[in-house]
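Several structures are given next for inspection.
Two complexes are shown next, each including chain A; its partner changes from chain B in the first to chain C in the second.
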Partner chain A sequence: MIFAFEKRKTVSRTAIVVVPFVSFLASLFLTGILLAAFGANPLTTFGAMFKGAFGSGRALTETLVKAIPLMLTGLGVALAFKLKFWNIGAEGQLTLAGVAATWVALYWSPWLPSPLLLPAVVLVGCAAGALWAGVPALLKTGLKVDETLVTLMLNYVAILFSEFLYYGPWRDPKGFGFPGTQPFPKAAWFPRIAGRAHIGLYIAIAAALILWIVLNRTRWGFELKVIGNSPKAARYQGIAVERNIVLAVLLSGALCGLAGVGEVAGISRRLQQGLSLGYGYTAIIVAWMAQLNPLAIPFVAVLMGGLLVGGDQVQMVMGLPSSMGLLMQGMMLFPMLAGSLFTEYRIKRVGSQAVRESKIGAA
Partner chain B sequence: MGLITSLIAITLRAGTSLVYATIGETFTERAGILNLGLEGIMLMGAVTSFATAYYTGNLALAIAVAVAVGGLMSLIHAFLSVTMKANQVVSGLSLTLFGTGFASFLGQRLGPASNGRYLIGLTGPRFTPIDAGALGQVPILGAILGQDLFTYGTYLLIPLAWFYMYKTKNGLWLRAIGENPRTADAMGVNVDRAKYGYTILGGMLTALGGAHLALAYTPGWSENITGGRGWIVIALVIFSMWNPARAITGALIFGGINAVQFRLQASGTNIPAGFLNMLPYLTTIIVLVAITWWETLSKRVGSPASLGTAYVREDK
Partner chain C sequence: MKKTLSVFCVLLAALAVIGCAKKEAPAPAPAAAAVVAPYKVAFVYIGVPGDLGWTHEHDTGRLAVEAAFGDKVKTAYIENVPEGPDATRIIRQYAQDGYDMIFATSFGYMDPMVEVASEFPKVKFVHCSGYKTAENMSTYFGRIYQARYLSGIVAGKMTKTNIIGYPGAFPIPEVVRGINAFTLGARSVNPKVQVRVVWTNTWYDPVKEREAAVALLDAGADIITQHQDTVEPQKAAQERGKLSIGYDSDMRKFVGDTVLTSPVWNWGVYYVDTVRKGMDGTWKSDQYWEGLSADVVRLADFSPLVPQDVKDLVSVQKQKIVGGTWDVFTGPIKDNTGKLRVNDGAKMSDGELLGFDWLVEGVVGKVQ
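Right after this comes the complex of A and B.
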């Protein structure tokens, strides 16, 4: 029996829902095999992870703490990916926004009226994230420079820059040598909802709703969709392709920046080591698992946040490495990608009889 | 040893891992497959080769393990992009994410109980520079000869890879596949099998680059041992215009930057270390912009025409 592939005109609706679920289960299965190979009982481990992530009020708020930046960076990455602009610089955009937010919180507070401080922190932080995404966007649209590499290289630059600041000129003189700045004034704190979970959660959910509406119910969203499908067709329809890509990527950077603002203003309340725990990279998994759908992103982000928190718990309870969570996330995209064969292609069975006939015909 | 000679020596040493991976990825991309999983493959090559060397003391076995791991990892990418026709950018990214997570996991699990099962901070057997005797004292030549076996390997690999790609029939097929898989198919080349083969070869060479880091350049295992080299290599392939002979230039530039960083830090400069460490990444961006600009101006397209796209065979 021979199979042939035919590209679908529209992606399969059933497959779009089924594939992510199957992928998650497959990732559990693969990790389970690995755990067994390392002499740990997979079921006990998964049980401990689940309990660690969702089993108590505290666990749940910690999961949300990790889900907030994942939602925002996931949204940012998804928006760029929709345009086939491979922004893998969420990590750097988040970090630079954290730096800019810190600058405002610490150095503008002496002269800025305190009710204006938090809005300024948010705005400048988002602007920094947008700027960091804007550089590769302009290089891409202006000179056709590969954006994957530029966005990634800028991650390293932003992280090294933030390290330079909190180890150097911004280091808290009263910090006993701890690498970090002094704490933010209270006026620059994000209000908290429960535990360490802060209002970034509401902002992220609102952002998801707004992004969905923009992408699906506005003229601009329609234009972006056309560009994502075929820049050529978009140009033919008179859509300003370059300008729209730059605008969308700026927005993508701003969303990733918002995640960084939330981390410094909502969680650590200072700039310090470990600002991002690789959220910008996990965001790629979040966006792809959610099939780039803004409404699905918050749910996937909570699941991924749970894996990270659960991974930490497993380390404490069972002595397994905390990178368990990362490993599981890394495995999740493989089945997901394999599944794209079923969402994007229609598989036809070509009977061997027909092939033989066509060969005879050709001869 | 003179300053110039010692700078050349450090440059060659620092560029070695880049040469292996650049040539590997050049083969892969020539076959039309873009593999962004290099960083993950390099990390896995580093951690597995170090663990093997640590426990067995056998460096040859350590290299064999790294090569096998690199081959297996790139097999995943080949399967997803060739057989399952998945998006190659996302598949490569997943491979990097998976490799980073898995390498970190192994680094926290494979170590001896006395070190809390960590591999970090351990020392194992390593490759040391060869003593070239009297020739080692000759300026410049001494720098080229006074290297470890990995670096010697690049002296052979570069001309061999160039010869294979431009002077053999297989090399001609390979270039045809990347340019126009349909034509290659019509000429009787098994396109899918070649894509698998060159993706796996690329992964093996990349893992060798990772092994060089853990066994010779910065002996031992640390979580960020590659420091983005797997990504810099993607830029180096573009910079070398997909020609193995030119892979040496890029590797020398970045090896040279490492050498200068090393020198400046050793001499106690006023420039903060953070800014010095930014140099490779900023240089990558500048090099990439320059080469893209030059390509546009000279109307030359270096990249294989079918790079990154799935090849679907049509029924006639």
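Right after this comes the complex of A and C.
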């Protein structure tokens, strides 16, 4: 008996739902082997992780604190990926938006009426994220420059620029020379819901819904889908491919930017070291795990946030090295990527007869 | 498509319910004040104990606490905790898990610790190298600059190119103070010495630290010292056949005799004392900043490559510092633009030292 992969004519709906779950279980199993190899009881460890991430009100809010930027960057990245625009610059878009939000919060507050400050922080932050994504979008559509490289490189530019600011001209004069800007005025703070979880959560969920509606229920969403499947076909249909790519990527950058705004205005309330802890990269895992579906992203983000927060327990309770947490994150992605094979292909049993025929055919 | 949307809403509702349910769950009843319960002490590390430098020394201090109190204490640590908002969660987690005393061993944990300290008035918080305190939060640090000065004398005597390379983590007072002390030491015996600084903007990144050292070696440095957390700069120097001065730990043990000496930490002295005070109830919030005389900082043993006359020179200065008759930052001191900053005979105050934001004459570099 021989098995072969056969491309499915349509993507299986059951597979779309089942595969992520099975992949998740498979990754738990693989991680379990790893834990056992390190002499830790996998079940105890998973139990401790779950408790650490969801086991109390406080733990849950901390998981949400991580999930909020993952949701927003996940949505941003997924939108770009739908168009096969490989935006791996979420990190930079997030960072630059954090910088822009800081600029508004600290330097516009003297003359801007305080009720307008927070909206201005959000808008300017998003605009900065969009701008940072717009550069590679224009380079790609105008000059056919590869966006993967440009978005990645711009991450470093944004991060170094933010460091320059909080080490240099924006450094808190009352901070004994330590890096970091002064704290934001209260008017520029994101209201918090519970613990440190802030209204960015509502914004992110609303963004997920809106993005889903836009992609599935509007003409523009349809055009984006066509472009994603085949830019050529889109062009024949008279769709303005370049313009739409640029618009969608600007939106993608704005979403990632929103994550950065949330981090500075909702969590740290100043610009300092540790603005982004790789959210922009984890977002890529989130987007793929959610199969680029905006409605699935909030849940996957909560799961991933839980994994990050629960990962601390691996050290604090189980006494394992910190790299274990990172390893587990990586372990999540592999079965997921392998799993996506099954949504697009199915396994078919091939008789020996068929094989012989195909061999003859090949010869 | 409608189906997907409704599934989404159901899941969302479920999540909200779980969230609320969890929040309403009663908090676990506080454990009865058992006399036998060990005193729980937690340490938050920026790197890993295996860095052989900064975190290694803090972990050595933690082990000293375990050795001193045995079963009466329980210690725990977490490594690789990023500075900034993530640290808040970690510190809070320890406080919530019933730890009695928490040590945070990097500057960037300051604001997170202040935040958590206000929420847990009964837990004792101890923060390394910062300046903010509270009723239940102390700071501690050592005058490592004294040992730096002494190591500078060794380097100043033994350099041939008169260029010394100094990869520095961040342009913050702690690091600037060390660079200045080292440079003053080196120039006290060799006024031609130039100390070239490269900022890596990281405490712990073996690759970046090595690259910075290599760049400095390329620029003509024949001795490398550093304010980083690993032994990579020293190793890089050794591979080029050059000398080095360690930091944090006695790096000669890990690298070899090309490490002439190292200013080292001896945290055990402070940790054991502080934990004892916590256990017997005499702990009070304070700002600990002691040096060579309290043995919390030391100059490690010399490499056989260091000649006797240099050792003698160091010994004389060390006596002055330990005896309290003289300290490193006594004028006249000029900055590296030639401006006189500290008048002849004047001594910089602790406040000025804690906010050091200029480099002394002889340092090639800039505080950004």
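In this text, the second predicted complex is superposed on the first by the 337 of 363 C-alpha atoms of A that agree within 3 Å, B and C clash if a C-alpha of one lies under 4 Å from a C-alpha of the other, contacts with A are read in each partner's own complex, and residues count from 1 in each chain.
Note that in this section a contact is a pair of C-beta atoms (placed from the backbone, for glycine too) under 8 Å apart; a residue touches a chain by one contact, two chains touch by 3 or more.
These numbers come from a predicted model, not from an experiment.
J.: Clash or fit: chain B and chain C on chain A?
T.: Clash.
J.: Using the superposition on chain A described above, determine whether A:41 touches chain B (first), chain C (second), both, or neither.
T.: neither
J.: Is A:341 in contact with chain B, with chain C, with both, or with neither (first, second, both, neither)?
T.: After superposing on A, A:341 lies in contact with chain B but is clear of chain C.
J.: Applying the touch criterion given at the start, work out whether A:218 contacts chain B, chain C, both or neither, answering first, second, both or neither.
T.: After superposing on A, A:218 lies clear of both chain B and chain C.
J.: After the superposition on A, what does A:267 contact: first (chain B), second (chain C), both or neither?
T.: After superposition on chain A, A:267 lies in contact with chain C alone.
J.: Please work out whether A:114 is in contact with chain B alone, chain C alone, both, or neither, and reply first, second, both or neither.
T.: Neither partner.
J.: Is A:230 touching the first partner chain B, the second partner chain C, both, or neither of them?
T.: After superposing on A, A:230 lies clear of both chain B and chain C.
J.: After superposing on chain A, which stretch of chain B overlaps chain C: 40-48, 112-120 or 202-210?
T.: The listed stretch with clashing C-alpha atoms is 112-120.
J.: Taking the two structures together, which residues of chain A meet both chain B and chain C?
T.: 163-164, 167-168, 321-323.
J.: Contact residues on chain B for chain A in the complex?
T.: Answer in residue numbers: 36, 76, 79-80, 84-87, 89-91, 93-94, 97-102, 104-105, 108-109, 117, 227-228, 231, 234-235, 238, 272, 274-275, 277-278, 281-282, 284-285, 288-289, 292-293, 296, 312, 315-316.
J.: Which stretch or stretches of chain A touch chain C in the complex?
T.: 52, 54-58, 60, 62, 65, 163-164, 167-168, 176-179, 194, 196, 205, 209, 212, 216-217, 263, 267-268, 272-275, 277, 293, 295-296, 298-299, 302, 309, 312, 315-316, 319, 321-323
J.: Please output the residues of chain C touching chain A within their complex, sorted ascending.
T.: Spelled out, the residues of chain C in touch with chain A are 1, 4-5, 7-8, 11-12, 15, 18-19, 22-23, 25, 48, 76, 78-80, 82-86, 88-90, 92-94, 96-97, 107-108, 131, 170-173, 176, 201, 354-357, 367-368.
J.: Using the touch rule from the top, collect the residues of chain A that touch chain B in their complex.
T.: Chain A residues touching chain B: 4-5, 7, 38, 86, 88, 139, 143-146, 148-150, 152-154, 156-157, 160-161, 163-164, 167-168, 281-282, 284-285, 288, 320-324, 326-331, 333-334, 337-338, 340-341, 344-345, 350, 355, 358, 362.
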